[in-house]
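Working notes, structure below.
By letter and in written order, the chains are A, B, C, D, E and F; residue numbering begins at 1 in each of them.
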Amino acid sequence: MQDRDSEMFEKGFENRKKVLGATHVENSWKRADDFNRPVQKLVTEYCWGEVWGDDTLDHRTRSLLNLAMLSAMGQHHELAVHVKGALNNGVTRDEIQAVLMQTLVYCGAPAALAAFRTASHAIAEWCEEHA
Amino acid sequence: MQDRDSEMFEKGFENRKKVLGATHVENSWKRADDFNRPVQKLVTEYCWGEVWGDDTLDHRTRSLLNLAMLSAMGQHHELAVHVKGALNNGVTRDEIQAVLMQTLVYCGAPAALAAFRTASHAIAEWCEEHA
Amino acid sequence: MQDRDSEMFEKGFENRKKVLGATHVENSWKRADDFNRPVQKLVTEYCWGEVWGDDTLDHRTRSLLNLAMLSAMGQHHELAVHVKGALNNGVTRDEIQAVLMQTLVYCGAPAALAAFRTASHAIAEWCEEHA
Amino acid sequence: MQDRDSEMFEKGFENRKKVLGATHVENSWKRADDFNRPVQKLVTEYCWGEVWGDDTLDHRTRSLLNLAMLSAMGQHHELAVHVKGALNNGVTRDEIQAVLMQTLVYCGAPAALAAFRTASHAIAEWCEEHA
Amino acid sequence: MQDRDSEMFEKGFENRKKVLGATHVENSWKRADDFNRPVQKLVTEYCWGEVWGDDTLDHRTRSLLNLAMLSAMGQHHELAVHVKGALNNGVTRDEIQAVLMQTLVYCGAPAALAAFRTASHAIAEWCEEHA
Amino acid sequence: MQDRDSEMFEKGFENRKKVLGATHVENSWKRADDFNRPVQKLVTEYCWGEVWGDDTLDHRTRSLLNLAMLSAMGQHHELAVHVKGALNNGVTRDEIQAVLMQTLVYCGAPAALAAFRTASHAIAEWCEEHA
């Protein structure tokens, strides 16, 4: 298929589906137009292929790291996506809470409070989706 | 003892010494003057007591999270401190590398390259200190 | 009461209610579930107890500092909360404007323009609430 | 006219209208109340007069630079404004895409993905407005 | 004098000298070459004329705000400059400490610890310069 | 050669040498140890192959964009590298100045002043290297 020819893309696409859910990822790839497809492709290869495909750290740990970094950078759209991904990877609600408490002292109260709001909402959505 | 009376301070002081090394932490507390002592005290209670003292996540995982957050925020003094702390906690050089590779795709190349420079130097220092 | 046993929490809770309004704070504490309560507790103790409880700077000045920092960091949820808190503390609309003008030159036009949008809206809400 | 007496303001106001559209800018100046007018005035003089009025770089290039900086700083309100301004300045959709792909590697995937969402939406709005 | 013709520049230059010290500012203006002069000029007009020249907030308060913002943004060169400026403006060492303690809870421990290191050093230098 | 097998790496390596200078890049690749080689490899492929290898924007424009983004993010090591790269790409000293003046109003005075210091120094070094 066009734009999906590389081995690294396929590896990344599999990892992405495993973490974020196959239906979600297949749909989001199908919906991508010519403006968004190149960034989707590169993210799939580099983030999900090169980085998530390296098994020095397991997916559970990579999820925890992403929650911390995304909270630190205030990237709330991706934070919501990765809270759900973390739950898919077997991270518990208590562990998500513990990561966000760690952002409180290292990134400051406003960053942590914002992350808690995003995570609360994402956890509730994930629970509904898996009820 | 003056300024060290609270239970949370003692708990934090023990965690801090365990992770960063007893001599380093004892000396840095002794060297703190009246301008710096309040921040040292609050960091000890708040970061090292409240957060590192919560065993929902083990110290190894907290070290990995700190490497990711400190790289994301470009806090290189603390990054060097926590690279050494991570090695004390049994995190391997390969795992540090893997965390920093994850910052490459999430925080951008300049942040990751800067983190690699800081970590290389801190690892070399740690090795000398433990040779 | 559970989770509200510490002296520092009580001191912080009083400061928080004084600055942000008693009803607002009581309700937000009651609404906190087990996921959010620990961060609410720690923020109450450390931000509102330790820091706002230190009278080296008065509450009016601390409000001005928060407006500046929250604008610099782009933390708009908390900025709205603290614009209302500043008005409660007797900070005038002209002083809020002057702080945000200072963020214009130090944090850049996009940060300042975003802060002005948030503050305009928060001031309007506060006026309605106090009409 | 009050608050519009300076030469630099007039120069900036012309540049601002040329890039962002005369109707939009005239209306936004008229809507500014006494709380927002000083920041509008200073932004018009310093951003649009001093900087955009310096012809060392043409407006097309300044638009590209703004897209990059605003994506790097996560300033999405202004990013949407400047995506439309870039299109007004003759920047193509492919060039906007290329700038945002450059933010992917330098600012990280979450910043770039957020910028793509904002830009997609702003381009669609601009096309409707110019249909 | 060339490049110093505007009224706003003169107003800003006076404020800058008052806060940062006449000798320091005169020398730094003399040392500016053609690459740096435009930014020095614009900063003098825009920051020191427009903003510091507005007396809605006194210089002492503006100093405190700058310490908070510069710590939040990790701008340590300017933080050192403004710690000294704050001392010139009559801000006490205890007040500087109190501002930085407030950054601890709002901006995170690494930002605050870095600000304390910069401030300690700048205070010591200022004391030597004024001994 | 080990780790340099991919087509994208070779394309990126050529772009990197063209922009940053062949000797500098060859030496920095040779000096990379096993800790740093993976990040050097991915940056070469991802930044220099995928992004700089896309000719929608010419290298001169990409240099200008990098100066703006790196100033916005406060990444001074890379800023110095890319100031020299910009000069290699035919960007003039006046254009570098104009980009940094644009960061003044969009990213704030402290970010711009820091970028001017880094750029002044890098330009002086580049001139010596090319004298």
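Definition applied: contacts are C-beta pairs under 8 Å (C-beta built on N, C-alpha and C of every residue); 3 or more make two chains touch, one makes a residue touch a chain.
Just so we're clear, the structure is a prediction, and the values are computed from it rather than from any experiment.
Listed by label, the chains touching chain D and chain F alike are A, B, C, E. Among the remaining chains, the Cα-based centre furthest from that of chain D is the centre of B. Of all residue numbers used at the contact between chain E and chain F, under half are used by both chains, marking a mostly different-residue interface. If each chain is reduced to the centroid of its CA atoms, chain A and chain F end up 29 Å from each other.
Chain geometry summary: the mean Cα position of chain A and that of chain D are 31 Å apart.
Centre-to-centre spacing of chain B and chain D amounts to 41 Å, using the average Cα coordinate of each chain. Of all residues in chain A, those that touch two or more other chains are 42-43, 46-47, 50, 70, 73-74, 97, 101, 104-111. If each chain is drawn as a node and touching chains are joined, the picture has every node linked to every other. Within the complex formed with chain F, the residues of chain C that make contact are 105-111. Per the touch definition, chain C reaches chain A in the complex via residues 33, 35-36, 38-39, 42-43, 46-47, 70, 73-75, 77-78. Residues 74, 93, 97, 100-101, 104, 108-114, 116-117, 119-120, 123 of chain F are the ones that touch chain E when the two sit in their complex.
By the touch rule above, chain C contacts chain E in their complex via residues 43, 46-47, 50-51, 54, 56-57, 61-62, 64-66, 68-70, 72-73, 94-95, 97-99, 101-107.
On the chain D side of its complex with chain E, the touching residues are 42, 46, 50.
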